[in-house]
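Some notes on the structure that comes next.
The letters A, B, C, D and E name the chains in turn, as written, and every chain counts its residues from 1.
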Amino acid sequence: MSLLSLQGVESGYGPMQILWGIDLDVAAGETVLLLGANSAGKTTLLRTIIGLLPCWRGGIRFDGERIDTLAPDQRIRRGIAFMSELGVFPTLSIDENIALGGYFLRDAEVRRRRERLFELFPDLAAKRRDAAGSLSGGQRKMLGIAKVLVSEPRLLLMDEPSSGLAPVFVKQVIEVLKTSIGSGTSLLIAEQNVAFLALADRGYLIDHGKVRLSGTRTELESSDAVREAYFGL
Amino acid sequence: MELLEYAIIGGILYGIFFSLVGIGLNLIFGVMRIINLAHGQFIVLGGYAAFLVSQHFGLNPLWGIALSVVGAIVVGWPLYAAVVPRLQRSGDPEMLSFILFFGIGQMLEALTVLGFGADQRSLPGDALGSGNLGLLGQEFPDSWWVAAAVSLAAIAGLYVYFSHTKLGYATRAIMANRDEALATGIDVRRVSAIAFVAGLALAGIAGVFVPYLLGSVSPDLGDGLTTTSFAIVIIGSLGNPLGTVIGGLVFGLGTMLMQTYYSSWSNVVPYALLLVIVLIRPSGLLGKAVRLA
Amino acid sequence: AGAPAVIKIGTLYASSGAFAVASQGQYEGLQFWANAVNKDGGLFVKAYGKKIPVKIVAYDDQSSTSTATSLYNQLITQDKVDVLVADFGSVLTSVAVPLAAEHHMLLIDPTGSGANFFTKKTDYLADVSIPSSQVWPVPLGKFLLAQKIKRVAILYDANDFDASQATTLKDVLAKGGVTPVYYHGVPTSESNYTILLHTMAASHPEAVIELGYPPNDIAFLRSLSQSGLHFDMTFTIFPGQLLTLLTKNVGAKALAYTYTYPTPPLVKYDKVTYGMNTAEFVQAYNAATHKEPNFLNAAGYNTGIVMQDMLGTAPKFTQLDFHQALMDMSGKTTTLLGPFEINANGAQLGQPFPVAQLVPEGDGSKVVVVYPQDKATGKPVYPAPHS
Amino acid sequence: MRDATFMRWARPGAIVLALLAGAFALLPHVYGNQSLLFTLMTFIVLAQGLNLLYGFTGYLPFGYVGFFGCGAYATSLLVLHTHLPVLACVAGGGLAAVSMALVLGPLLRLSGAYFSIASLAASQILYFVVSNTNLADITGGPYGLKIEQVYAPNASYFSMLAVLLLATALAAYFRASRFGMALRAMKQDALSASMAGIDIVRARLITWLVSAAIAGLAGGVYAWNLSVFYPDAVFTLQISVFAIVFSLFGGVGTVVGPIVGAAVLYTLYSAIGISTPQYFQLVYGLLIVLLVLFLPGGILSLFSRRGIRVF
Amino acid sequence: MSSEPLLRLEGVYKRFGGHAVLNDVSFAVGPGEIVGLVGPNGSGKTTTINVISGVHRADAGAVVFDGRPVHKLPTFRLARLGINRTFQVPKVFRDMTVRENIEVAAHFGRAHDADVGAILADIDLAAQADQLAGSLTVNQQKLLDLGRALATGPKLLLVDEIGAGLNPAELGGIATLLQKLAARGIALIVVEHLLDFLNRITARVIVLGAGRMLFEGPLDAASRDPEVVAAFIGG
C-alpha cells in the first residue's frame, strides 16, 4: 500500500491554477524523484502536500488517512517533514533551528540526533551558536537539511536539497539520505542534480502542472521525453 | 551625593517597572508584526482591575494581577480570533494593525470612561506595604519594590519561556519567518494566540502598579504609556526581552537623574537617549545586523 | 426684533483627559442652574421684557485645545449661540479668548484665571467665578510672611494657571524679602514626584508649595505620604476645591495638616445680593442631584447666576450691552462665591480665597481657616506634627 | 517614453486638483463652520504629506507631527520678531521644517519600526524643547504663542487650500514620474534598486524633505489660522496618528487615497463628535475597527479589487 | 588578453565579527573574459561579489575597475560605472511587473540604449513580461535579476549561482547566454558549484577555501589539485 497517495490534486496561488490533476504515489520505504523544467510546478506540489497551499480539488492520503484538509502542523505530526527551498529561521541560532525541526520530539532525543548531524556538517557545528541569518547560501541549505532530518520522519519531502551545495557536500547529502532510506524513511524529492537519479526507485516528470510521465528509474532514464526535457539531448 | 544615589536606585526600580510596561508590546509586535497601538489602554485596564479588586471586593490590589491574566484570556482570545487572522490575510498586516488597534484603543478608552468615570483613581497606599524599604541607605516606598520584584519575575518568566521552552522557540521562530514556521510544523495560530494573550496579560500586570508608580490611574493615560513603551522597546531591540529590560533601565535612570538635576528637562531624556542609541546601533542595543545579500 | 423662543447658551466640557473631573463639575453646576431657571419658566430678559427658557448647547472637547478650538467655532458660527461660556480652566479657555474677540462675542469665563488673559482692556472677556491669578495667591504669600517662614520651596506645573500663581506668590514673597529656596516648573503631565520631593527636601524648606491641577496634586500628595519625608508645611490647591476626590485618592491621613485654599462651599457666604447663598445652594443642589456639591459645581452655578443678572439688566440684547451689564454689576453684587468685582480687562478681583489647614477629625478632616485674621477659625498647627 | 507615462497621469492629476479647488472654494458657502473645513483640509494635507513619504518609500514617520509643529512655531516666531508679510513667514515655516528634516536626515539609515519610533522621539524632543519653561522667553514655553495681530480666517483658509493643491500635485508627480518608479523599486528592495543605478540615499532624502516641507507649510498656515495655540496643539501625537490612519484608510501610494481617507474619517469624526459627544470615542473606534476588518485594503480597494487602477 | 585588466582585486580582506571571511584575495579579470569562482560553501564567494559590487566595504585592500580604485564608491555609482550582479537569493521588485523591473534599471542605470524587449528575450521571460515579479519561481527570479543587471549596460557582471536548481537542459541555455554576453565584451565572474557547467563556459577558475585563494588557473588542473579536491570536490 502506498504511504502517500495523491488523486487528481489541483492547486495554485490566489486565482492562478498551477496544478491540474496530479496523481502520484509513494510507497513505504520508496524514494521518488520529481523531475521537470523550471516552473513546472514541483515546488507548488510539495507545498500542497504539506498544506502550505490549499488543495482545491482531489485528495491527498497519508497512510490511508485523508490529510488534505488538515493544517500543516497536523500533517507534520503524522510523520511528514518538509524541507523548503530557502527557508531557515534567520534570527535563531543554528542549534535552535535544528531543535525546531524536532518540534514534536523530546528534548533529549533532539540533542542526541543533533550531535550526530553536526558530525556530518562540521561547518554548522562550528557556528552552532551563530544566527542562521549570517550563513552563506550553501550553509543555509545544510541547515535546512539538518533541520528536517532531525525529526526522522516517515516521509520526507525535499525541495532541491542539493542546489547551491558544493560537490563535496552533495556527495555527503546523498550518503546521509541513503542512511535514512536504510532506516525506512520514504523520500519525495524535487531535484535537478543528475547525481540524485542514482538514489531514486521511481520518478515523475512534471510538465505544466501535470504528470507527463512516470516510471522506474531505468524507464525514465531511457525515456525520450526525459532525455529531451531534462538533459536537453 | 546622596541625591545621586537616590536617583540611581530610584531609576533602577522605576526602570525595571517600565520594562514590564514595554514588554507586552514587544512580544506582540515580534510574533505577529502587529503594532498594538492600544497597548497603553490595556495597561490602564490593568490599573482598573487592581482598583476593582481592592475597592469592590476589598482584596489586596495584587489580586489585580490574577484578574488581569484572566481578563487577558477572556478578552484577548476572542479579540485574537476576531482580528488577527483577518489582519494576517491582508496585504500589509503591520500597517493595517496600526489603524485597527488605534480604533480598539479609542474604544477601550471610551469604555473605561463609561465604566469608571474620567477621574483619577488610586489605591490604598499601604496595600503593598506601608513602609519604606531601604537600600544603601536610600528609602523607597514598599510599593516600588513590589512592582520591581513582580516585573523582574514576569520578565524572567518570559526569558525562560523564550530560551528554554519549545513553545518559546516556536514563538521566536514565528517572529523570524512565519512561512518557514508553518513548514516546520508549528501550530502558528495557537502559538500566536498564546503570545497575544500573554502580551495583553503582561500589559495588564504592569497596569496593576500604575496607581502606585504614577500616583493614580485614569482613562487618558493610555496614549502616553503606548509611546513610552515603544521607546523602551526600540532602545533595547524588538523581539528581545532582555533588550526591553535594558530599555526600561535606560529610561528609568535617565528620567530620574534628569529629574534630580534638571527637572524641567527630564521628559526629553528617554527620547534623546533613544535617538542617540539608534543612530549608533540602528537596531537597538541588543539588535543584530542582518545579512543583506 | 421678536424675542427668541430660547436663549442658547453654548459651552464645552471635557468627558476625558486631564481636566475631566473639574470640567464636568463646572458643567453640572451650570446645568443645575439652567434646570432651576427653566422650572421657573425661564430667565427674565430685560431686552425683551419677559422670561425666556434657556437651552444649553454643549460639546465634548476631551480636554484638547485643538478640539476645543473647532468646537467653540461650531458654537459661534453654526449654532449661533447667544451667550458663550468657556470650559473649565485656563488651558481650555485660552483658545476661546481670541475667537470670541474675533467674532465680537463676550466670552463668559467661569474658571480660567491665568493672569495673561487680562493684560489689556477688552469688551469680550469676563472672568466670573474665580479670582484672577494676579490677586488670588496674595493671601497665601502674606500668610507665609506672617508666619515668618523664610525657606519656601515652590514647585509649579508649567501652564498659564499654575505658573501665574507661582509668579504672583513669588512677587508677594519678594516684597517681604523672601526668595524661594527652590522654584521649579515641571510639565503639567508630571506624575512622578518621588525624586522631585527628595530634591526639594535637599533644599531644607520650611514650607513646600505645590501648584498643580488635580492629577498633579494627587500624585504629589501620594508620593509625599509614601516617601517617608515630612515638611513643616505643605500646601496644594485642590484639596480646597475637590476635597472628596482628594480624600478618596490620597487618604485623609496624607492630607492631615496640609494647607490649601478653601473655596465655597467649604467657606460660606451668607449675605448675597443675587441667587442663593452658599448654604442654600448646598441644600438645593443636594436635593436636586443627591450629591454633595463641590467648588466647581458652585462655580458653574455661579456662572449661571451672573448671566441671569446680566440678562436681567442689559437693556439691549447685544454682546456689548451684556458686557456693560457685567461692568455695572461689578462691586455691587455678592453671590455664593463672594463679592463680584471685575475690571476693564475682564479679570475677577473679588471672590478671594483664604488659606486654611486641614486638621484631622474623625475619618476625615476639618477645614480650619488660618488666614486672613478676620476670617480665621483657628490657629495654624505649625510645624505640622508627624502623623 | 517619459512623455507617454506622464501624459497618462497628467489628466487625472489635473482633474483631482480642479475638483479639490472647486470643492473647498465652494464649501464655505454651503457650510458655515469654516474652522471645521479648515481643519479638514489640514488633515488632508497631512495625510497626503505622509503618503508622499510612507506611500512611496515605506518609511512611516510616527513623528510626522514634529514638522507640523516646527512649521507652526517658525511661522509664529517670524510673525512676532520680523516684519515680513505673513505668507513669507509661512514659507519660513516650511523652510524650518525642511531644515529640521535635513538635520534628522540620518534617521533614514534606520528601517521599519526603528525609523518610525526614532522619528517619534525626534518630534517629542522638539515638543519638549519648545514647551520647556526655561525657553518661555523665546518660544512661549508651555504657555503657547499668540499672533492675534495677523488673525485672518479667510486668507489662511485659502492658503491652506493652496498647500493642499501643492501636496496633491506632488503626489501626482510621484505617482506618474520615473522618480516615483524609483521610489517604488526602493521600497521593495533597496539593495536591488541601488544595483539598478538608483541613488537611494538621495531619492529618500528628497522625499523626506518634500514631505517635511508640506507638513511645515501646513503647520505655518494652521498657526496663522488659530493665532493662539499651545505647544501641544501643534505637537500632539494625535496629529501623526490621524495622518497615518487617514491615509492608510484611504489607500497609500495613490493620489486620491489619502484625500478620500481623510475626508471620510475626519467628517465622521466631527459628525459623531458633534452629534453624540458622550459615546463619540466609542462609536468612532468601533467604526474604524469595522472598516478595517471589512475593508482591509482601504477604501480604494473597493475599486482595485474590481481591477480598476486607482490614481 | 588585453594589457590592462578590467577589474583587479588587490589583497582584499573582510571580516565579520571575529571571523575572517576573505583573507588576502587578489585576482584580475579582463574584458570579455569569463572567470569561474568556486569553492566549498561558506568559503567567501558571495562575499567577494559583495565587496566588488559595493554591498560590503573591504576592511583592507583595493578594488580597481577600469584603472581607478572603486572600493569606496556606493553601489549605485558602481552600477552606473558598469559593475553589476545577480543575487544568490534573488532580490527582485516583487510588486512590479517583470518589464517594470527591467525598465527601472534601464532608466537609472544610465544605459539609455538598453533594449528591454531584447533583454526579456535573452532571459527567456518575454512571456511573463506583465506578470508580477513576486509570482515567479526562484529560478526565474534569478534570471530576472540578471535581466535587471543587463539593463544597466554592465561591463562587468557578477553572477552568483544562477545555475543552482536548474536541470542540465536549462543549464545549457544559461551557458549559451553567458557566452553570448562575454562575446559582447562583458567580463563575467561566475560563481557556480556545477563544474560541468563551468567547464562549458570557461577555462579559468579561481578556487577559494575558507577565504583564501587556493588555486587560480585552468579548471581541469584545479580538479587534479589535491587541496581543491579535498576541500571542494570530495573523494
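Observations on the structure shown:
Definition applied: a contact is a pair of C-beta atoms (placed from the backbone, for glycine too) under 8 Å apart; a residue touches a chain by one contact, two chains touch by 3 or more.
Source: prediction; values computed, not measured.
Contacts with chain B and chain C are shared by D. Comparing the CA-atom centres of all chains against that of chain D, the greatest distance is found for A. Chain A and chain B have CA centres that are 42 Å apart.
Measuring from the averaged C-alpha position of chain C to that of chain E gives a distance of 77 Å. Averaging Cα coordinates per chain places chain D and chain E 43 Å apart. Contacts with at least two other chains are made by residues 15-16, 158, 185, 187 of chain C.
Across the assembly, chain D contributes residues 128, 133, 191, 238, 280-281 that each touch 2 or more other chains. Counting partners per residue, chain E has 46, 55, 87-89, 91 as the residues that reach two or more other chains. Arrangement of the chains shown, judged by which pairs touch: an irregular graph that fits none of the line, ring, star or complete shapes. The set of touching chain pairs reads A-B, A-E, B-C, B-D, B-E, C-D, D-E, using the touch definition from the header.
Put simply, chain A touches chain B in their complex at residues 50-52, 71-73, 75-77, 81-82, 84, 87-92, 96, 99-101, 103-104, 107, 131, 133-134, 147. Considering their complex, residues 178, 181-182, 184-185, 188-189, 191-201 of chain D touch chain E. Touching chain E in their complex are the following residues of chain A: 13, 16, 35, 37-39, 43, 85-86, 123, 134-139, 141-142, 160, 163-172, 192, 194, 228-232. Residues of chain E touching chain A in their complex: 16, 38-42, 45-46, 88-89, 135-140, 161, 164-170, 172-173, 193, 195, 231-234.
Residue ranges of chain B in contact with chain A, taken from their complex: 166, 169-170, 172-173, 175-177, 179-189, 239, 288, 290-291.
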